[in-house]
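Got some structures for you, see below.
Next come two complexes, and both contain chain A; in the first it sits with chain B, in the second with chain C.
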Partner chain A sequence: MSDKTADRVERVRSAEDLSRDQREISISEFFEKNRHLLGYDNKVKALLTVVREAVDNSLDACETARIVPDIKVSVKLVSGMKDRYVISVEDNGPGIVKQNIGRVFGKLLFGSKFHKLLQSRGQQGIGISGAVLYSQLTSGKPAKIVTSTGDGKTHCMDLMIDTFKNEPEIIKEDVREGKNWHGVKIELEAEGKYVEHQQSISEYLKQTALSNPYAEIIYDSPDGKIKFERSVKTLPEEPKSIKPHPHGVEIGILRRMLRTTEARTLTGFFTTDFSRVGQSSAKEIIRLAKFGEDVNPKNIDGPQVEKLFQAVQQVQLIKPPLDCLSPLREKLIEEGLKKQLKPEYVVAITRPPDVYRGNPFQIEVGVAYGGELPPDSVAALYRFANRVPLMYQAGDCALAKAVSEIEWRRYGLEQASGAALPTGPIAIFVHIASVWVPFTSESKEAIASYPEIIKEVKLALQEAGRKLSIYVNKKRRAGEAALRMSLFEKYIPEVADALARLSGAEKGKIAAKLENMLKKGKVVIEDTEEPEKPAGKEDDA
Partner chain B sequence: MAGEAVKKLDNLGKKLVKDIDEEKNPSMTIPLRALSNVVFDRQDKTLRIGGKTFVRSFFNVAHARKFLQTVEVGAISKDLLNNNKHASLRDVFYMAKRTIPNTKINVVDEQQESDNAVEDLEMITGSWREQLHINANKLGAVAGNVIVEDAGDTIDWSKLGSGGWSIPSNIEELKFKKVDAKYVIYMEKAAVWERLNEDKVWKKLNCIIISSQGQATRGIRRMLQILSTEYKLPIYVLTDFDPWGIYIYSVLKFGSINLAHISDRLSVPNARFLGITADDIEKYDLKKHFISFKDVDFSRLEQIGAYDWFKNNKDWQRQFKMMKDWKAKAEIQALSARGISFISDKYLPEKIKNEDWLD
Partner chain C sequence: MSDKTADRVERVRSAEDLSRDQREISISEFFEKNRHLLGYDNKVKALLTVVREAVDNSLDACETARIVPDIKVSVKLVSGMKDRYVISVEDNGPGIVKQNIGRVFGKLLFGSKFHKLLQSRGQQGIGISGAVLYSQLTSGKPAKIVTSTGDGKTHCMDLMIDTFKNEPEIIKEDVREGKNWHGVKIELEAEGKYVEHQQSISEYLKQTALSNPYAEIIYDSPDGKIKFERSVKTLPEEPKSIKPHPHGVEIGILRRMLRTTEARTLTGFFTTDFSRVGQSSAKEIIRLAKFGEDVNPKNIDGPQVEKLFQAVQQVQLIKPPLDCLSPLREKLIEEGLKKQLKPEYVVAITRPPDVYRGNPFQIEVGVAYGGELPPDSVAALYRFANRVPLMYQAGDCALAKAVSEIEWRRYGLEQASGAALPTGPIAIFVHIASVWVPFTSESKEAIASYPEIIKEVKLALQEAGRKLSIYVNKKRRAGEAALRMSLFEKYIPEVADALARLSGAEKGKIAAKLENMLKKGKVVIEDTEEPEKPAGKEDDA
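Then we have the complex of A and B:
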């Protein structure tokens, strides 16, 4: 038993040894290491994501309280620091009650949406706390929150997230009296890079103004102030929350719902926690899964959940209620496009709601044409999900895919061959409203390609295209007629000159008469080819 | 003569001005020069223009430029007539060519366009090109025992050395002082003419030899017609054995599609095709000098075989069939393989003596 053996036999580590390194990691810790999943891949995008999360939160809060939003955004370089910015977003929303401030901003996955579905910008309860997390990770500074609910008290709080516990850590807290206002102001310091480009903050805010034409947004950027004025003063109708539809629930969510339900029996679970499940449907599901009706849902676990999930898929159910959605509606879309893009023609189409995998959704599109839109470039495509602009990953997005699969040529527009966006002075607006938007990833940048969604987008665009083509064709005919007029105006002096020499008549008179015929529309301008001639060349020299 | 043409051009101008006075789209009616509007007159063995016409108007996007070209060339012609000057087709092209102010449009871009306008004016006015004082370039070569007077000069076709005399575009004023020949040989190739001239064939066989390059010009066709009708000389045609050569013969004899409106002044119904024929190729063993047919040759052969004036001619259809079967063509110069002067010493004398030709 010498050194030799020791060399050969490596020391085997026991499970106990390994267990010393194993521990539960919190969601905060996870995202600390996987920040790209939340849209913080690089410094440029990170700055946009911070602004986006705060603005989305503000708009959601205002709309829920039925307040016409006023949003102030400020992005300023920290003096003396490279790539370090202070981002602040302020709204005139309802404010946040004191006891919730910490959890709203300082705890990931804080939300109330396990048992209901509601069309809103946020879905998972990660957004704003994710921004706080990114800020403290890159600057080490706490988030500064100032809020009031209109009771004369203004709460100021500096907080950080305890990533190990996924709990807010209040650094400083105080209350000021006297000022009467409501709303929230959040200020974060974070690493970032400010670049004006296609996916810049100002572009994001411009698109936000397009899809939220009732909001006023003032942006104080490192390059100066920009104001996006509201084009309408009314909010869209209020969305209603609905319970999940069984066909829209994935197995993981079903497991979680079983664990957290307040129902005592399986029948009760299905009839109270879901929409569109009556007694008989619930019984059929349970029968197919071969469970007892009185089984406590909390006792179902492991492979049993799978059995229940399979049974749910086999039962025919009515579609979920569709009146829960809040589309912008055609007028709002048209007003927003007119105000922000200054085109000469706009058309918007709002489709009736439909369902993908048990989730209600609604598609609306707008097309702006001409005016101040750039005439020779590829059309601008603006994608929105629940009124939030989607800035990245157009290539993976069902909305973009549907737009380029349209035969725009059919509607009088130019289009490169193959699936492509049209070319010309065109901007296309596509909005999906849904209680659960099927994003391809947590960073919420692209919509998954459900056939129902693609079909609805196409139907909407085709209808808009038909209306646009009437306008475009009318305009083109007018343009062609003007072009012909000017062509003949140029020919007239030449023909008058030659005809004067041929006939002996006076040149000026011929020209005047021809011009009169042209301008007063005395003559119909034809466009018919002459019959073809034989090739003269080999016939005769 | 000139007065007549001026009057006709004047009429065209007045008609157009009248249209404008009446606020009508100024337009001219032009007979259609296309195969669909050409009729073969079996009696006279001549192509004639049919009754189809088309209208060219100013206020028509597709016509405006051609309308301007026609009026412009008409004005140029009228000016030439009034000043008793003649211009070449090339001159007319440059006289008409200019850019319309504030556009990138030229009145004419290519000579073909002003040439077409000239032909259209011939149709509209019923005057031929030379009467409008527009001439083509002189072309080709002639030699023989003939003396002519042209613009006051006397030209002896037997004393012109190796070059011969080029035939002017307009031979209306030409006077024949002496014509001493038994027949005329017209050949497609200048090189063959030079061979025959060097061998003094015109002297040995007492004939006139004429060539151009490719299609015969109007001047040459007119001259052949005069020699045929006024001097009763047989006209023999010598071309390559291919669809293009046969069409040269076809134009000489029957007239062309493009100039069917003046066939009466140009065609030579008595012309005969001397060679080279399919039979010559077999007789003189020329197959080894064949050139393979290309796609264009096949399609041209097809077209020519279907023309009214060849369709029912058994002798010609036999030639076409042999050419098609051989999938090949042959040049006149292939005869040189039998000796440089074989054509002069043996081929031509024998063909003519044996009356070995196609009609």
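Then we have the complex of A and C:
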């Protein structure tokens, strides 16, 4: 620390000057200025992001209330305006109770999922209010919400976000009586650009239909209506919410849990606030930390937290419960890929659940090959997280990374050198289901590169690759055999001629017999190549 | 909207169930759970991020108070612990007034820079409190702050963040009198891993010294002390804070500015709250929108905002003032590159300022070639934003993208096909200075791909490339000429022999003369290749 004091007076002023400028920044202001963090970097992507946030919310609401979802999406150009659209999304979900409408749509960081360990699409409490924020920023107009919980009352609310306070500002509000329905309709006006391309809204909805086959989605686009019909009539199993696993809890979280627990003893704290801690494990932790079992958790602070934390690490515990996950399962993935892509071969693998940083997750993959898939292009990659298609930032995504790191040549496919997607008539599907998906940004477009996740994706792809390689190799060998046979067929007259001369039999008869044998498959022209090494387990997994 | 009512009762319960779970999420909780968004994805990077946030803050504080910075950084392993370090950063800045210490370090989204358009390192009010959050999460320990504003009082404060409230929690606090100094020292204990590699703390500090040559940095690392001495004794020009430019303001912001302005007339609003709007421009806007000049801005709302917004777009205005930027300038970049990399050739280009989304920015680049740079590797790329080295996520960064999109072969360099960095003894430096740097994430590691930014980087690199190519080509031609001359030298005896026989002169004399001429450079062996096309302006810029 410098002891110079010459310019003291001037500097004192500076410190106070600085202090006058220091003030609180609301999360709404923050994202208003950093809207690209929420996926609103450009007009084309912005339109997709608005639709995605609303559809994700609708699907989550329907599933939570165990309602088979009917969703209507509409995107229409505002007449007389360039690059300005009205987007509306309507569902048949449970609706929103009146007192929460404002905050659900008009307050960032407000939601029901953040504080739970539960597999759901939303988790941050930013998505839909972020869309409202983008809408008012670029159109100056309020969001229009219409909702009913099925009690005969329909609430209509026009709202904006007061960005200084991060609180809803109700512009208009009324209640209509008489109509019995339930659900939510949100209508937003925003700057956007409508382009049909690989990352378009219709592609997003197509992939959503693939991973949510129990949802019916009607899309009224600027180019006309598309209907994605449900192929399954029942909802998937309901995912369960779980408590944190002690081995996934950081010391700072442990400290906070100790201070806010309702348990009055340490034993009670461990057995009720965590998963996988029984009486005996709790007692072992407490013994190792040298505390009394009846110590009030609220009295533990400072260096004692560290002691307790170290003790937790030393005790062996069962992995977190894994029935909290609701994967798509192999059958559904295979059917979806067949229906959408019309390949000649398809294989899907659902891995057993695993754990990263204490969070259960589960990987499943599907590989489609041949058929109507384009033969000479780089593989199409479909990424999903908790059933939501990820459309952007593949370059930054653990799922894409794992796919590129597989040595696809081992499985009979072509692949450019270096980590790359395979080339050929192939499409790859990867889904991560988790109680907490580690996205690389608030816009939820890419998965952070946890080694556990990359490893699981690779194991799944290798298993799928081995199955695929059997098919691809069989097909290749059959093709080669057919080629050899057609060559042999060409020489039948000469072979027959030679045999006739050697045996004295009639040439025409011999030729006819040879042709007959070839047709019946009794002549098999053996593969003279070395037998291929079976595609075994890769070492790099 | 569905009219089914059969399961109404059950669903009503669901909507209310849902509402009970809905609650506010504090920004601290959010980043605690999403710490990778702040750059704390792994232990190695986390240690660097903690140092970076503290050093950025110190440099900003010193510059704002116009103090030439002296910074001490220390990173030490906690004895007896694996992967646990104590990081401390100390500066000679203006210090922090007592009443703000808590919130500067213990509240996320609190700061002096967010609400200004000013070139500074920090802009979000998240950095240093994010480091405190990471520290308490992984060590359970408070941050220790020691500061004085030069009034003889030293404030010592141990604090943590109450993550539920996003407010500082003061653990311990005292004041010591008598010592006259000013500055801040912050000490944090956190999980980390210390590795010397390309993205290490010492590399970060080395690059910081390169772009802040007026700062002295002493680094006490786990491996020993390193001192980066200042090479310049004066601070760069002070960047000025500017008002927003009307063409960079979105309609939602305009609406808010209307409601919060202190101006009482529309004319006053435009001329005082914006840059580049004089009386006549203001009057033109108001006339186009068909308002009266004396209308109170606070009375404008709803569709009237849109009318005013459209009018603003129609009026021609001068670009934003550009003296708000403080680039490094060519001389400083060239000197820095020479000192650090010892190349044989160096060129730097500082572009004139430009504007993206209403925000002034300025690009400068440097290219170093040959000398001690490794001859066969891919070019080293140094990225900077407002003088801060960017160490991660180059793959996602507009600066890196622009460098790779240059056709370096035009400038005599080797380059792999497709967009790639050039290969050879070359290092590339790119700096963006802006009043608002558009980072792709809160961890501030990569620049978002605004076309204006990419275009400016390319123009700068092309200009540097043209200068470099003259040098590279000259060097190559000189090398080839030397090669041809040495070949000619070999044949001197034979040429002399032939000439002697033809002319009758003495062979030895002729040979001596020829050698002499070669040495004096009077014989120039002409390049027989086609003259090269001058490296002109690329079309793809």
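The definition used in the following text is that the second predicted complex is superposed on the first by the 374 of 541 C-alpha atoms of A that agree within 3 Å, B and C clash if a C-alpha of one lies under 4 Å from a C-alpha of the other, contacts with A are read in each partner's own complex, and residues count from 1 in each chain.
The rule we apply is simple: contacts are C-beta pairs under 8 Å (C-beta built on N, C-alpha and C of every residue); 3 or more make two chains touch, one makes a residue touch a chain.
Since the structure is predicted, the reported quantities are computational estimates derived from the model, not experimental observations.
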State whether A:Leu518 touches chain B only (first), chain C only (second), both chains, or neither. first
Does the superposition put A:Asp70 against chain B (first), chain C (second), both, or neither? second
Looking at the overlay, what does A:Lys33 touch: chain B (first), chain C (second), both, or neither? second
Per the contact definition in the header, classify A:Arg501: touching chain B only (first), chain C only (second), both, or neither. first
Per the overlay, which chain contacts more chain A residues, chain B or chain C? C
Scan A:Thr138 for contacts with chain B and chain C and give back first, second, both or neither. second
Per the touch rule above, chain A residues touching chain B in the complex are 484, 487-488, 490-491, 493-495, 498-499, 501-505, 510, 513-514, 517-518, 522-534, 536-541
Residues on chain B engaged by chain A in the complex (per definition of touch): 9-10, 12-14, 16-17, 20-21, 23-26, 32-35, 54, 56-68, 71-72, 74-75, 78-79, 100-103, 105, 107, 112, 115-116, 119, 136, 139, 212, 214-218, 244, 247, 251, 256-259
For the complex, give me every residue of chain C touching chain A. 1-5, 8, 11-12, 14-16, 18-19, 21-27, 29-30, 32-34, 36-37, 41, 61, 64-67, 70, 90, 92, 94-97, 99-100, 103-104, 107, 109-116, 124-125, 136-140, 146, 148-151, 163-164, 179-183, 185, 250-256, 260, 305-306, 309, 393, 395-396, 436, 438-442, 448-449
